[in-house]
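Below, each structure is written out as structure tokens.
Two complexes come next, and they have one chain in common, chain A, joined by chain B in the first and chain C in the second.
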Partner chain A sequence: MVMERRWTLYDPRLAWMLVAPVLVLLIFFLVLPIAVMAAYTFFTFVTAGVETSALTTANWHEFFTDSYYSGFLLKTLRVGAITALLCGVLGYFPAYFIWATTFRHKWLLLLLLIVPFWISFTIRTFSWINILGEQGVINVALIKFGIINEPLPMLYNEGAVILGMLHFLLPYMILNVYVSLEGIDRTLISAARSMGCTSAQAFREVTLPLSLPGLAAGLLLCFVLAAGSYVTPQLLGSGRDALFGNLIYDTIMGELNWPMGATLSIVLFVVLGFFAAVYTRYMGMSQIVKGLGG
Partner chain B sequence: MKLTTTKRLERLHDRHANGDLSRRTFLTLTAAAAAAAGLDMPWMRRALAAVQEVRFDGWGGTVQDAIDKYAFQPYTAKTKLKVVQGTFGDEDEIITKIKTAKPGDYQVIHSSGVNYYIKYVNGGLTSEINEANIPNMANVLQPMIEPFRKLTPKLSAVPYDYGTTGIAYNTKVISPEEAKEKGAALLLDKKYAGKVGGYDDMTTRVWYAALATGQDPNNIKDMDTIWAKVRETRDLAKKFWSSGAELMDLLSKGEIVVTDAWSGRVAALQDQGQPIGYLDPAGSYAWMEDMLILKGSPMAECEELINFMLDPATSIAVAEGQSYPPSLDPTKVKLTEKIEKLPAFDKTGTMKSLTFADPTYWATNEDAWTKQWNRISKGA
Partner chain C sequence: MPDSQDTLSSPRPASAGASALGTAAAANSPAVEFRDIDIAYGKFVAVRDFSLSIAKGSFVTLLGPSGCGKTTILRSIAGLVDISGGQIMIDGRRVDDVPIYKRNIGLVFQSYALFPHKNVFDNVAFGLKYRDVPKPEIVRRVGKALDMVRLPGTEKKLPSQLSGGQQQRIALARAIVFEPQVLLLDEPLSALDANMREEMRVEIKKIQKETGITAIFVTHDQEEALSMSDRIVVMNAGAVEQIGTPQEVYETPATAFVADFLGKANMLPGTVTRSGQGTAVTLAAGQTVNVVPPKPLAQGGKVTVVVRPQKLSVGTAAGANRLSGRVVSASYLGGSAIYEIDIGGGTLIRANTPISGRVFGEGEAIEVGFDPDGCVLLDEGGQRIS
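Coming up: the complex of A and B.
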């Protein structure tokens, strides 16, 4: 007797078929390039723009023995963490406001969050030069009103870099927290209030704990994006305010040293991947997906 | 008369039938033809079709605007051949892109002279120009061509313009007398701490440190004092700029009041009425630029384009537009008064009044010094 193998709704073969195109894309456009980069870390640098495939561990040796690189890595993690925390503090309140408001056209508020994405990231970053610069809006206004005599040095320092990254990352944080707040059953807050909680207590005991997954997802996202950024430090910072991404850029584009540049890229990938893995282990990725997908 | 594939096969068959061709040879040729026909793709036909455009990559801004307006647009009008343009802020950036692209994707580069020519040569990216196709090369200054020919007897590039990296200063803050008196030392004047700028480039930084320490930039004896001076400038600097546009922005907005600067960009600012002065101190860094044809480019079309660009009328118009003297020999071609007044212009045609970087010396030290400069610029 011939057994007929019929397709079922949850047939694993169907699942594999549906997932196959994405898998192929991921392998060719993510896994393979990273593998090539990893291979490059063992290539030998000859001179600017020239390398050979003679295998060496010199690049890794240089990375592990030269404190210049570890110093920049730590600094990058510090700046990334500060930016993420500031995003968390500054982003929670607008998210809470959008969630709690009874304004009929809430979609308009959400649209306002997305509007900045319609303008080029580089132009948005450049705009800070016209705001923070010596002849920028703030300095000109302060001098005109006689509050200061000399322009304040607000540009080309770490503060300007963090400000630029806040500008770019805040919407990600707000959206993540908002999605998390939207998932809260509002009757829980009513129940807390009916049991004698003040508004502040209800927020502290119910709303805040239940929105923490969104906050954590936002923190991770902002941290990874800030730590991997190089355009903002390039435009708004001085040389001293460079981050690890700028080191990679200079090594590949300036020194034309691809093997060392590949080594630094893999290091940043592994370090940021480690933080993402820790987050996934304890919180899961679903919250970030929700936050990004709306 | 062109033969079709079918006709060719029929002839082969006839020769085989007549005994002129062995069976093995006939089958081999037929198989090769079949494979070629089977592999024939629509894009191959397009690729083999006549060249419709040439790709050019340059420095953008006022320089490229002038090249586009006075060379490319008239060239396209004359030949119907389009010049597709790209820009870069730093030539290493475009070299990286060329390395990752297919030969022919990038074709003509407005390159920074012999120092960079070595990088293209080392990277196996150069082509071989048929100079007979560029008759206007006869007017190009021989002292500009010679350094290229020393590296590759068969040229891949043709010198096009030259200039200097001198000192630009805000005349509202620094008087021309003070600038003349202090010269390159202005970049190290503590009075202007936090208002100093500079090109984010190893060669420029080391060159000016050599001048500040009284050393010959083409034969530096004490690198420790050089790096100490580079650090001194870094600590006084507000920002090291990385493109001509950024230089102009920083100077015109008053963010910096003194910087080393490209003569042509300063001339462009002066044309806009900005209060910017310029001087070339003794030993000022002179450089030349060339039109480099990359390997894999459509040579005949690229050579034709460069020949058009070197035509005296075109070259003079571009030079006036970009404010850099052309590579034309002033003893052979009558240049305009405006060009003769440009900074760095050498009326003798010998280029002896300008100090260029010795390409061999700088190429020897390039890797180590670039790495060290990158570190110092980041606070090391």
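Coming up: the complex of A and C.
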């Protein structure tokens, strides 16, 4: 380009300049670290804390041949799926209620959804120990009333882990579903009713199908966050209830096996990314952005 | 309204189409009847003491400014709004406690309200599906309805693939396909652009005539009301101002509100200065006009002389009641012209008149006039003297 062009409002050069800071951030703090990690998966593990840059496929070989890893992965996906489905079932109703209520101060109900975020996630998770533990509220009360003699083992099992994750993820689900319900033109429901639908049939014909994108977005979000969680199983689960995130932690911080830790991290990244990609292909990403308040 | 004259040129008799549907079981009872209905939202009374009887196969328009209660009444027929007093009858059967989905009513909304996730076929078939119509019959009737709105072959399309006018046609097909007892149209044209509106106006009226369906149409647009209706119900602040044929409400408005809302009539306040034969009213503007009152007026009484802009003529063509004034503004419309004329005392008269000879310019002195029987007289309370 010999001639200097004048700048216009929608100049592509201007657009590049505006996204440049974000691009730089993403490249240096997301793409590069992942690339380094990907490279690490081909490094050779010598002994705890020592690795050489001699390239090897040993880590990948170990991952694909040792059923220990694939078992962990499947279990993590299963727990994530159960959590997401429970979130969907339990989250749809409050979302529907907030949408349908004639209560004048809806914002208050929505605020209640966000209040839990004001307390640290770790503290909220810890609080379950005071509720479910042997000396927790439920066991103490039941023993006091003579209903049971021995404390019930409610903590440090898969149920407790799922409960803790539900607690943390439900607001995401409710907000996602609520946003898609809010997008429905209510005259559609009047139209369906006037053509012969009972309110239950109108829900099935109009409200439910039109809120499915929000439900799907909530499911994806809850699934990815649950399957990638580390703190909840660490605090509320026993060793057997550890998820893939805990496995990565142990491999890196316990065994000091960085190449294997990197391999496992990349696996989780690719698997969860795959689910997100499938979702985006069919639903588009905009729904999740809306659900997050964008 | 510059061309409201045109809409008057094709007045429809009040009984048009009334005979088209003589075969129904309850042939004697009106299609829809309101008996003293009241509708209140908390303390706010949206509609009070509304009574109206709508003949089978007729096209009735509820006309009024926004917030006058016209949409509320429409929604009450459908069952979308609960009435707080009175009765609504459809075909002689009381429906106020019939749930919405059991009332056999077709609704067309301003926003089309097509189901975005269903294709045209499923949208139109919707009401039939809930009436347990067998599948082949559904296919046949949907096809017929789409032919009627001149959109055959669009079954597989999604609403988002259609233009606004096409969407409203589909909405119309959807509302008439299951042959409802009444078709309710809630400002169906206001979301369309001007050209489309004109076309749909003709189309809706044509389909209504063909099917012989009873239609209730809600609008705030006087032109739509005048051109489409068999009868017009003019409403203001939750109450009926006048019920009549388009010609009746336009030419003999019952109240000052109707006169002003339909076609912006000239309202000239004055005092009766001579009663009996050759009654005369001296206008506040200072000039005196002759009127033909339907009943004798007392001398000294306060009246308002209402004259439509189209009833006024200017220049040498001016009618018997001649007022001299000065042109304040003149708009040339080709076949006719609209003048605003100051007749003294700051009183402005609007005249919409065919051009004979030349167009008068601003500031020119002009004679404006109307025939004594070309006006309507209102009393002090704004009611027509009859």
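By our rule, the second predicted complex is superposed on the first by the 287 of 294 C-alpha atoms of A that agree within 3 Å, B and C clash if a C-alpha of one lies under 4 Å from a C-alpha of the other, contacts with A are read in each partner's own complex, and residues count from 1 in each chain.
The rule is simple: a contact is a pair of C-beta atoms (placed from the backbone, for glycine too) under 8 Å apart; a residue touches a chain by one contact, two chains touch by 3 or more.
Being a predicted model, the structure only gives us computed values, none of them experimental.
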Clash-or-fit label for the pair chain B, chain C on chain A: fit
Chain B versus chain C as contact partner of A:Ala192, first or second or both or neither: second
Partner chain in contact with A:Leu256 - chain B first, chain C second, else both or neither: first
Three-chain overlay, vertex chain A: chain B-chain C angle, C-alpha, nearest 10 degrees: 150
Which of chain B and chain C A:Tyr68 touches, first, second, both or neither: first
Touching partner for A:Ser120 - first (chain B), second (chain C), both, neither: neither
Shortest CA-CA distance in Å separating chain B from chain C in the superposed model: 47
Doubly contacted chain A residues - partners chain C and chain B: none
Interfacial residue positions of chain B with respect to chain A in the complex: 90, 92-93, 95-96, 99, 119, 122-123, 194, 200, 234, 237-240, 242, 249, 253-255, 366-367, 370-371, 374-375, 377-380
Chain B-facing residues of chain A, complex: 47-50, 68, 72, 129, 133-135, 153, 155-156, 234, 238-240, 242, 246-247, 250-257
Complex contact set, residues of chain C against chain A: 78-80, 99-103, 105-107, 109, 111, 113, 115-117, 126-127, 130-131, 174, 178
Of all residues in chain A, those that touch chain C in their complex: 185, 187-188, 190-198, 201, 205-206, 209-210
